[in-house]
Amino acid sequence: MAIILGDDRYGKAENRIVRIVRDSPRHEIRDVNVSTALRGDFAAAHLEGDQGNVLPTDTQKQTAYAYAKLHGLTELEEYGLALARHFVDDVEPVASARIEIEEFAWDRVVADGAEHDHTWTRNGKEVRLASVTVAGSGEAQQTWVTGGFKDLVILKSTGSEFHGFLEDEYTVLEPTTDRIMATSLVATWRFGTTDVDWNAVYDGVKAVMVERFANVHSLALQQTLYAMGRAVLEAYPEIVEIRMSAPNKHHFLYDLGRFGIDNDNEVFHADDRPYGLIQATVTRDDAPDAGPAWDHYTGLV
Amino acid sequence: MAIILGDDRYGKAENRIVRIVRDSPRHEIRDVNVSTALRGDFAAAHLEGDQGNVLPTDTQKQTAYAYAKLHGLTELEEYGLALARHFVDDVEPVASARIEIEEFAWDRVVADGAEHDHTWTRNGKEVRLASVTVAGSGEAQQTWVTGGFKDLVILKSTGSEFHGFLEDEYTVLEPTTDRIMATSLVATWRFGTTDVDWNAVYDGVKAVMVERFANVHSLALQQTLYAMGRAVLEAYPEIVEIRMSAPNKHHFLYDLGRFGIDNDNEVFHADDRPYGLIQATVTRDDAPDAGPAWDHYTGLV
Amino acid sequence: MAIILGDDRYGKAENRIVRIVRDSPRHEIRDVNVSTALRGDFAAAHLEGDQGNVLPTDTQKQTAYAYAKLHGLTELEEYGLALARHFVDDVEPVASARIEIEEFAWDRVVADGAEHDHTWTRNGKEVRLASVTVAGSGEAQQTWVTGGFKDLVILKSTGSEFHGFLEDEYTVLEPTTDRIMATSLVATWRFGTTDVDWNAVYDGVKAVMVERFANVHSLALQQTLYAMGRAVLEAYPEIVEIRMSAPNKHHFLYDLGRFGIDNDNEVFHADDRPYGLIQATVTRDDAPDAGPAWDHYTGLV
Amino acid sequence: MAIILGDDRYGKAENRIVRIVRDSPRHEIRDVNVSTALRGDFAAAHLEGDQGNVLPTDTQKQTAYAYAKLHGLTELEEYGLALARHFVDDVEPVASARIEIEEFAWDRVVADGAEHDHTWTRNGKEVRLASVTVAGSGEAQQTWVTGGFKDLVILKSTGSEFHGFLEDEYTVLEPTTDRIMATSLVATWRFGTTDVDWNAVYDGVKAVMVERFANVHSLALQQTLYAMGRAVLEAYPEIVEIRMSAPNKHHFLYDLGRFGIDNDNEVFHADDRPYGLIQATVTRDDAPDAGPAWDHYTGLV
């Protein structure tokens, strides 16, 4: 009946690193938010305040910035792999490291009809996500990589129905055969390998999901999500599992009939709260064990 | 030495109206946040709690949604003008009305290589702003319209210097001839007329400002802002004044020399706070009086 | 018809300064967010990029931190006065300076029944506001000080009515004789003097406003606001004007009658948007000119 | 190698329920944010768009509001238990239900020296958290309850050291024997029983944790967290496990020596990002299996 230290980890969260590639007059930019977390032999810090095994979070920060130069940031996942392996391989008490990355995209400015060499505006669409977890040493070292995005706000103005649902004594919802369907999608997917064309797969997964959202005639958000997830797994054998969390952002048809005005699905109120929240996973039935792949450190990465 | 009621107004803020135009299979969407504010003979409500002159904020809300159908939302400013004139002309105690609008843009989805008829993703770039103020009746009625945007995040990775500044005993800043310059720009401009091609001017102003930010070799953010504002007034005679508020979003070159690593303007830390904040107005010297044009009701509109 | 530079200013926004007073074992804490803005002879920076008159925003930051030690932060307004006067008096091109301060309060922890010497939890109630503007030199120097708060969320569960209002063709609101009234109050007041017991007045104004909100039987939020403002001016001759901005945070009685359940003002839905927004000023009829007192630099200070 | 539906659930998130108890002139208020999530036999909705088993999220909302009246909200956990059991016991396809609750506290106003009957200001300190998960039916039904809070911002101005840490080639941090230690604590704890005096335990746990933060002389945030968690388990046998997530909110001593000004731990810069992030669990070694207790639906509850 003893009281004991359970799972613990620590690191530096939200290092806001901007990397400019300026090897030619046409610069490139990567703008990321990097968090690092270490697990290992840190019980003495908790039990006795002994920091002998604790690599400071400040050091983790310095390393994250240094690796942005040493290893570049062209591919988030390669950067994350290098950084995670460094902590596990080079810092003795570290048993496993997790690197979480958010990326904010920028669009190259067009000025006077031409793409500008060194100016961008921030693209406020979805935030790209990546996580890398490395555990163990030598031959036994294991690696898990996830990709994903959050805040992809997508809406269709027709092609969505909702009816035939279960009813009980608290059911007052009217069925509909034509509604707005909108969500702010979070999707994260797990790779079965690290031999991946990371940026191409990211763009491709997003395109597949958007296409399915648009073209599937929807009888429920659940159906749409499953179709999106299934299409991703069909298109990308590198991906073994995909998780989606989708708020049903309600757009209520505004009652203008009270004023003698027709409203044929034209004017809606976009409500804030509450919202439906649908979560679904689509997976291969032979997917390897997820291990710590989904063990989020900060937020949803 | 009496205590008196000073300026007052009231209204309904942040009506989240989504308008779908569905006259053909290719739908259109306008997604706006509308606030209405009325000034007039409302002293009795404050002094005695007498609501006889007070059109409820709920009624203002109903009217905002109704007008989204009756007058459409194709041009924000035309919608705002119709709504403001209704309150001033049709509701007896109302002396002036101000309508403030934020617009959230959506991008049509491309699926299977073709633009989709009824699906969009939210474009998270700048938020478009518009305000309309109408005061007085009949021949004496006056109208002020402003346009603008907020949250346009723009960055250049070179072409920006800062040196030759004033120094005092608290000055420790090092001069630089090459730095990142970035801001999250708020710009609002005042029209001298209501005979305007609203959407075209909006797109044009934004393009002019982005071009100047990119192409002006900058010795200070002040210089860049003035150039941006001046170019807008030169290009658009309809606009008589432009106001800009620009945080200097600091990107600090990260000190990697401590680790024997060169960092030739490649790796930066994007800091949150504090930030420089530059505000400037560019105006025509014969601009008509601004009246209540800049008298914000909610936020920066 | 020339295009000219209009009003401009610049400074460093949101310096997050924490000041510990540790002259005795019982420490004190002040936690503030300080912004500085300068106006003056800065046209050359805008027109030609010449920084010769520009005291860097970084220098303003250093000065703000230095003055937190040199002048303390016991009274926000005295700190602001010292800092503003420094910029105007000691930096030649500066014609006027504005200091805006937000203060985040902390509550001393009680541990084992006794107040702790050096531990606090952050009090998440209203944020205190102060602004100081100093313009001109020598005998002609003028000073304006405002106080205030934002985010004071206050609610009464009864004692609020709303009926007898103006009706038009878009009016569907039902009158009520008993409703929840709630707001997130912003109030800012202007002093007619700098000979003020700043902290005592702040506490007193807040107490007066809260008392009036609670005890005035309300026929409209307008009436309550006016009563609050009037009571402040009656109690504090140092204050010449008070401005209030009050969202009507709607709490809608939930319709449980559909399920055969009585709901006698017991269960409400707290809605997010839209909200009513009431703004009112109460002033002395002999209040001196406000000058730049209300010329906000960042947000609502 | 088939592609299959994995874990899924759905519900209504963030129902903003305010409950007034008005059985006597002295009213009481509970202000909560309730989310409901159901798991069960919902594969047909995903695979075929068949809603026959799907109780709409709108119905879940209606039920949440109805239960606020029928069962009250005096104790969050009892309300959550009633609601969760209703879904599992009364809605045939539901195999398990999770209810997550955030509570926003209000302080009764003191006006004219007396506590007011029906007016409160919102207490902006920590947000209380509760979750209830019920799975299975009849004798086999299982229940898990967690409590907790988020956003408890706590700071000590001395009594915190950090030195003796591991160093590598990226370590530049200076050791210190006196620093500010501050965090915005999230703590969630798991009960081993439902026979709990919920409100008393909540207040007690918070007091224990605050006391330990204040009185433990800290050699690292890890040590402080462990001491806090251990003290909770020692004081409350009902609790079998506690999880903590603590950002190390850095307060950097400001370098005023450059200006010839002493700064003996008096003036600090409160930095936003990055921050250290320490996560630790303290548990009984005979704690029962956590099952779905920590399977968050929305945020951290």
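The chains carry the letters A, B, C and D, assigned in the order they are written, with residues numbered from 1 in each.
Rule of thumb we're sticking to: contacts are C-beta pairs under 8 Å (C-beta built on N, C-alpha and C of every residue); 3 or more make two chains touch, one makes a residue touch a chain.
The model shown is predicted, which means the values in this text are computed figures rather than measured ones.
Averaging C-alpha coordinates per chain and comparing to chain D, the farthest chain turns out to be B. In summary, the pair chain A and chain D forms a contact in which both copies contribute largely the same residue numbers, shared numbers making up over half of all those used.
More than half of the contact pairs of B-C, counted by residue number, reappear in one of B-D, C-D or A-D; that pair is A-D.
Annotation: 31 Å between the Cα-based centres of chain A and chain B.
Distance from the chain A centre to the chain D centre is 23 Å, each centre being the mean of its Cα atoms.
The centroid of the Cα atoms in chain A and the matching centroid in chain C are 38 Å apart. Residues of chain D in contact with two or more other chains: 15-16, 62, 66, 170, 172, 258-259, 272-273. Only residues 15-22, 27, 29, 31, 62, 65-66, 68-70, 106, 109, 111-112, 116, 118-125, 151-159, 180, 210-211, 213-215, 251, 254, 256, 258-259, 261-272 of chain C touch chain D when the two sit together in their complex. Contact residues on chain A toward chain D in their complex (touch as defined above): 1-16, 35, 37, 42, 45-59, 61-63, 66, 90-91, 93, 162-168, 170-173, 218-220, 222-223, 225-226, 230, 233-234, 241, 243, 247-248, 273-286, 297-298. By the touch criterion stated above, chain B contacts chain D in their complex at residues 169-170, 172, 258-259, 272-273.
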